[in-house]
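In the two complexes below, chain A is the common chain; its partner is chain B in one and chain C in the other.
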Partner chain A sequence: MNYSEFLNMVPEFVLVLALIIVFFADFFASRNAERKASLGYLTMLMLIGTAVTSAMTEPTQAFGGIYVTTAAINVMKAILAFGSLVVVVMATSWVEKNLKLAGEFYMLILSTLLGMFMMMSSGSFLLFFLGLEMASVPLACMVAFDRHRKESAEGAAKYILVATFSSGVMLFGISFIYAATGTLYFDDVCAAVSNSPLCIMGLVFFFSGLGFKISLVPFHFWTADTYQGAPTPVTGYLSVISKGAAAITLCTILMKAFAPMVEYWDYMLYIVIVLSITVANLFAIRQNELKRFMAFSSISQAGYIMLAVVGNGQLGVAALTYYVLVYIVANMAVFTVINVVEQNNGGRTDMAAYNGFYQTNPKLSFLMTLALFSLAGIPPFAGMFSKFFVFMAGVQNGEPMAYGVVFIALVNTVVSLYYYLLIVKAMYITKTDAPLPTFQSDANTKVALAICTAGIALFGVASCVYEWIAAAGI
Partner chain B sequence: MFSYTIFIMLLPLLSFIVLGLAGMKMQHKVAGLIGTCSLGMVTILSYITAFQYFFGLDRVNGVYQTFVPYNFTWLPLGNLHFDLGILLDPISVMMLIVISTVSLMVHIYSFGYMHGEKGFQRYYAFLSLFTMSMLGLVLATNIFQMYMFWELVGVSSYLLIGFYYPLKPAIAASKKAFIVTRFADMFFLVGILTFGYFVDSFSFNFAGDIVMGQGTTPFIEGNLAKAVAAGGFIIPTALVLMFIGGAGKSAMFPLHIWLPDAMEGPTPVSALIHAATMVVAGVFQIARMFPLWIEYAPQAMSIVVWVGVITAFYAAAVACAQSDIKRVLAFSTISQIAFMMVALGVSLPGHHGAILDNHAQLGYMASMFHLFTHAMFKACLFLGAGCIIHAVHSNEMALMGGLRKYMPITHITFLISCLAIAGIPFFSGFSSKDEIITACMEYSPVVGWIMTGIAAMTAFYMFRLYYGIFWGTENKEAHAHHTPHEAPLTMTIPLIVLTVITVGVGVYTTIAGFAEWGGSFGSFVSAAGTDYTIHFNMQIAATSTVIAILSICLATYIYKGEQQPIADRLYATFPKLHRAAYKRFYQDEIWQYVTHRIIFRLVSTPIAWFDRHVVDGTFNFLAWGANEAGESIRSWQSGDVRQYAVWFITGSVALTLILLCI
Partner chain C sequence: MLVGLWLAKNVNQVRGVMVTGASCLLALSVWLTIYFIQERAAGNTAEMLLTYSTPWFKPLNIAYSVGVDGISVVMLLLSSIIVFTGTFASWQLKPLTKEYFLWFTLLSTGVYGFFISTDLFTMFMFYEVALIPMYLLIGVWGSGRKEYSAMKLTLMLMGGSALLILGLLGIYYFNGIYSGNYTFELTTIAANHCIPGHIQNIFFPFIFIGFGVLGALFPFHTWSPDGHASAPTAVSMLHAGVLMKLGGYGCFRVAMYLLPEAAQDLSWIFLILTTISVVYGALSACVQTDLKYINAYSSVSHCGLVLFALLMMSQTAVTGAVLQMLSHGLMTALFFALIGMIYGRTHTRDIRELAGLMKIMPFLAVGYVIAGLANLGLPGFSGFIAEMTIFVGSFGAHPLSGDPNTSFRMVATIIACMSIVVTAVYILRVVGKILYGEVENKHFLELTDATWDERVAVICLIFCVAGLGSFPFWVSDMISPAAGTILESIGVM
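Up next, the complex of A and B:
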């Protein structure tokens, strides 16, 4: 075995190094509160390093094609490392309450990220599955991180149960593919795959497994319970990072391994996208619990993300990556606000807690409004541009069905506008005798909000961001 | 080479952001200083740019080269792309000088004028925003960028007119200005899109060769052949649509109605935006598109001419009857901008081969020249009016009179500016206006004589204003409690500076014109970019000078005395005409009638009904349906993991079955 091939896996290598460093730092910082508190900054530094090295890495492969990266994957890795950075920044105020376990939390984040990186740059179903599991198991720990809260444990239990189940189904699907083609390498699968019922069953079952990770309808049921139960920073992490990684993986595998079956999976995506967007919107309309509400919002956003994959086109990867980037900043802004409100409010996350929020905390409610506008796709915020590119990618092949799906998605943006504005209404218009008291958020929260708001405001109008992604996607 | 020009845009933007975000926490003085200092640096940079551009470079074949130090593709859309950049050519550099000079003067002046006003910091923030947008407009490299900044100057004009927002008239005026100019801009946008669709480019790159007549490819970028093939009327249509937008901004009849009302804003704002810079944007736009006009739409130029002539006459007539001094100046501005429009319009092609003849050169040059001189003396007049208003606390001429004793500096500078606008030799207005009239005479004697007549009216109403303010009966009653006094230094220095420019430019260009020196205005700015020597046509110069002096004498005779028997007799003889002129010939009422009675009642009311009942009803029904559906599927999400697994596997199987069936 040629060990020098490990050098081709730079981002993963950096992450492993980061894990080791954080582990030892945590080990030597034992019981010293001040040192523990600085672990967060160390992790941030590591994530910045990961993001930079990912962005600078050239496309390579290693170990006979089991590990493959493209320029688009590297960009996505950089974006996900950036997203994790935002999560860590916003999580510090919450982690400080569990200082004893701070090291574990940061290590879990780094190890899930490592799993996702593996999954994204896999060239074979084998490495893909390993990466997926490597990302899933630590995530369950993170969901259960608030050990003393019943909901947290319940969310984690549901997550791990459904994850196991979906892994089983997916392995089942992969075994069908193996039976039909005799290989696990994507390139070879592509050459051997046919439209036989065996392959179709393999495709659907494989898709179900990733559909669970992306939380597409009908594989989404765990989402609401887990999002609600998990600590808020973890919910944020689940909703953007985990989803983004799974989405790009699904995109590459469909385009690489299942390219000959494009008609089939296009059709499958049409159904799933329409279901995801519509059903999630219908659920979201009636939610009073903000984290549950954000769960349904994220399901419907997942539908929009998948729209980029439709049509197997050039634009797809770039549109998807851009969408994930914009979604990261907007969603993390919302979760940061939810997090600080929760911290200052005895853990309330229901929508009624936000009534009259504007009277007492005008700046926070303003930033939250901007983020919600971006999620709803109101110009001139970045969300409008990302939706536009996704729609454009969806119809680039000129399929009549695709136009229909995009039309339904468009109608649903109006519905989503309604429920996002419900929160705005609660904050600005609904009068209440006892609004939340005014509070001062800590420095890290401010930094996280500043990063997110800058992203919301600038990623759309600064065309260079999209061009950077598009250049990598083609 | 010109890489520093980016700071001309960035500095005002920066001071806008700083003042906008943190201004309210600053002291008035600090905020004002930040704005003024950044503008001071912009002015210095503009002067350096101009100096380097006009004197530091060699002309190629006698032509000033166009420089594009920055051009950044902002949004690519297939063949079309929206760019943001900086373009330097003679007219944009000339505009840099005008904008930065007047803006700096206004910044300094406002220290005194706005002293102690609530919202002082906000005022300076908006001034910075305006200056940034106006500079962006003139430096635009493409028509789309121009449009963006065009709208931004509209916004800042709206904000500044409505500066005194607790007062009702200010709000009404700002809304009126915004709506009227937006209405016109709609045509501008349609024109831009038409142009972009057929020509495949928004760029100003067409400039170069058509006018200068050296190249063979008219469009460096874009596809003119396609546009011409699509129908010869495409480019003229696009240009005329753009002209409507320009007419709105430049207050051409009948879209002028917003400008007199815009005088509700602070007076320095009127000087900057509504006299010197923003309102000439329409003229600048035509000058920018000039190569296309003369090459592809020479017939359409007569629209520009006649709109200009009508506006010039109308505004001059109205100005003769106004009693509010700022209104007089506003109508005078409208009339003078119309002069510039006419001058551009009369620059008919008539070029031999590809080289423009004198004729086209003259009108274009005269228009730009008048833009330059007018900006200086009209800003001076407005700032002078500001001093007067500051002293007597009113805009009405009836409360003034005899002020020359109290305000010597204001008096002298105002008088000089009046002489300049009247067209007396050795003052700047003479040189430029005379060129305009010469160009008109060459175009058609009818237009030439009409414009001469309007020039005479200009001299008359300006001196009516002058005598009304500084001579005549002093209103002792109004001055009983409060003796008028000269304005502070911060306000008089800008007056003096602008007057010095007016006199200096006037003396130099007058002598240069008679002596036929090179190095006058025409050497720097001309349609072909070549050195154009101005020489006066003696006959026309003499005629217009004599007429201007006669008009001034007439005004002196009627309005100078303590009693004004002739003026009173004129009112008595033509009461209806005076009333109509005072009411601006009922233009506002006509617009009111058209919008309220016809458009609102016949078009908007039925549409509103349809919207309220049919459209809203449909959406309410959909919302109700979505709500009900949301309620009814709630039970799916039971919290039972076993059930989730069932759904999961059912979904997968169902998907498989569907895919197997297709």
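Up next, the complex of A and C:
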């Protein structure tokens, strides 16, 4: 074995290094109050390093093709590292107030990100599965981090049960594929896969396993409870980072390993997309707890993300990556506001708390409005561009069925606009006797919001962002 | 383009900034109009003038490209006048003034951008930019059942734009497949002219209805009365005056220009719908008791007439349609401004409670009479010119391939003509009821006439309405060649 091949895995290498540094810093640093803050800053620094190195890494492979990166995957890694950075920035105030174990929290974030990186650059089902598990287990710990709240533990239990179950289903599917093709490497699978029932069974089981991770309907039942139970920063992390990583992985595996079976998984995608978007939208309308509401919103967004994969076309990966990037900034802006409101008002996350919010906290509610508009896909904010591009990717092959699916998705954007506007209405229009008191948000929250708002405003209009992603290509 | 400049300054001295900005815009569009006429007189016959194009999203062939022809110049002029007067009409708006003007500015940015874009994607983006501020403008500063109306309006218009996206994607891909040149550029697609007829027939309804929702096409007009009734004055003005024209403009510029065969095949279906709009809008206006509802239904009728004339596809009718957009924009703005001012004093818009306003506020009352007369098409005002052109043009329109029979267009014209009579009925009914007669509510006697800022707005608009009515030719000379070029490209001339 040639150990120098480890050097090809630069982003992972940097992350492992970061993990070790944060661990030792946590271990040796003096036990005062500033320790938590400085650990947070250290983690941010590490994540910036990861993002930069990911963006600069050349496409390579190692260990005989079990580890493969392409330019598109590297871009996605940079984006996810950037997203985790936003999560960490926004989480610091919560960590400082509520946690004794600051170091552990940051380490868990770094290690799940490491797992996701492995999963994304896998060239074989083996490494893919290892990466997936490495990402899931720390996430369950993070969901359970609010040890004093019963819901947090409940959410974690639900998450870990569903995660193991879906892993089981997926392994079952992978074993079928192994039986049919005799290999676990994507390239070899692609060459050997056929339309035999065994392969189709394998594809379906594999797809449903990842469907759990992306929380597509009908595999979404854990989402609402886990999102509600988890601490708000973790909910944000779950909804954008973990979802984005799983989506790009599903996309690459479908396009790489299952390319010959495109007509089968296209139909699967049609059904799953239509169900995800429609069902989640209908449920979201009836929610009056903001985190649950965002859970359903994120299920429907997952449907839009998968729209990019339809048709196995050349626009797909770029549209998907861009969508995830825009989704990260918009969704994190919303979660940052939810988090800061929760921190300052005794844990209130119900929708009624936001009535008359504009009168007392105009800036926060204005930023929240921008973020919601972006999620709903309204220009000139970035969300409209990303939605338009996934629609373009969806119909690029001119399939009549794809036009139908895009049409249903479009109708659903109107429904989603309705429920996003409900929050806007609560903040601006609904009169109330007791709006939340005015409060001052801390510096880190402001930084997180500034990053997100800049992203919402610029990622769409400044076309260079999309061009950078598209240049990384297929 | 230019508007971004004064968005930034909007922080302090909001009113001052708004007036300066709006005047600048007005001056610029007047300059643009003069420049345009000069260029045309100098023999420049390019389809679009002042074109500028820069690639925006290169991998997807999206460009930010702008340009104007006669129709868009006229529309820009109209928008500037309305924004200018709208600023004065909302002079005394109280809570959250700054935010109000911020959203108002965003709305007008969208409108300007829409009229100058020659790239489908950019055009669509500006279209949506113009729609969303409506929700907050109506929801926060409106009156009556504002939450319901705001939601209804936003969702219906966004539903329309959902149809639009699908239509645009269809045009983009099928133009690309058949010509090998993937582009969102309007004029290029029109020049390629290669999408087969049966595919055009699929996407034409999507685009036409998508824009038609905003143009108050029956049966998709129901957002309009509620929306207008609840909106604050300036927003009603801008919305009825300019925003509804986006619909007509889009139907012509995108649906009919890019999908010409489908336009010829399917226009009869939409002609029936627009004829219903025209007559039904006018009849509904007769039975309303709320001043704003009356004008909203009147707008439905008049905007229906715009779409009606566009679908006739004869040069005269299309010129009439654009004149009607201009004239209706000015008149409706005047109407809504006056209604807003009356409502601001009396706190009611119910015509059963109002009477004898002529004695109390003569200035506003005279303005109202003028607006009413212009609206029912009295010669000398813009309404007459526009409607006359439309009906003359429509009556002589050639039957097209898709029509059920040869006299179909004539019959439709005759039916639509009846709306003129009905218009007279509802206008005169209102004028007689609210302006003359005995004052019923004694406390109305203490009310005052218009303040200076209101007078500026009203006089400005009356001046434009009368000006357009007396000297229509410089405008129609601008519109007519542009309409001719497009109709030639459609292949009906």
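Here is the rule we go by: the second predicted complex is superposed on the first by the 470 of 474 C-alpha atoms of A that agree within 3 Å, B and C clash if a C-alpha of one lies under 4 Å from a C-alpha of the other, contacts with A are read in each partner's own complex, and residues count from 1 in each chain.
Methods note: a contact is a pair of C-beta atoms (placed from the backbone, for glycine too) under 8 Å apart; a residue touches a chain by one contact, two chains touch by 3 or more.
Keep in mind that what you see is a predicted model, and the values were worked out from it rather than measured.
Within the superposed three-chain model, A:S463 lies in touch with chain B and with chain C [touch as defined at top]. Contact with chain B, but none with chain C, is seen for A:W222 once the two complexes are overlaid on the shared chain.
In the superposed model, A:F283 lies in contact with chain B only, and not with chain C. Legend: residue contacts after superposition of the two complexes on their common chain; A:V169 is shown touching chain B, with no touch to chain C. Of the two partner chains placed by the overlay, neither chain B nor chain C lies in contact with A:F117.
Of the two partner chains placed by superposition, only chain C is touched by A:L421; chain B is not. Of the two partner chains placed by superposition, only chain C is touched by A:T413; chain B is not. Overlap of the chain B and chain C interfaces on chain A comprises residues 418, 463. Residues 315, 318, 373, 378-380, 384-385, 388-389, 391-392, 395-396, 398, 403, 406-407, 410-411, 413-414, 417-418, 421, 424-425, 428-429, 463, 466-467, 470-471 of chain A are the ones touching chain C in the complex. Residues 157-158, 161-162, 165-166, 169, 197, 200-201, 203-205, 207-208, 212, 217-219, 221-222, 224-225, 263-264, 267-268, 271-272, 279, 281-283, 285-286, 415, 418, 463 of chain A are the ones touching chain B in the complex. Residue ranges on chain C touching chain A, taken from their complex, read 56-60, 62, 121, 125-126, 128-129, 132, 135-136, 139-140, 146-147, 151, 154-155, 158-159, 162-163, 165-166, 169-170, 172-174, 177.
Those residues of chain B whose C-beta lies close enough to touch chain A in the complex are 73-76, 623, 626-627, 629-631, 633-634, 636-637, 639, 641, 643-645, 647-652, 655-656, 658-660, 662.
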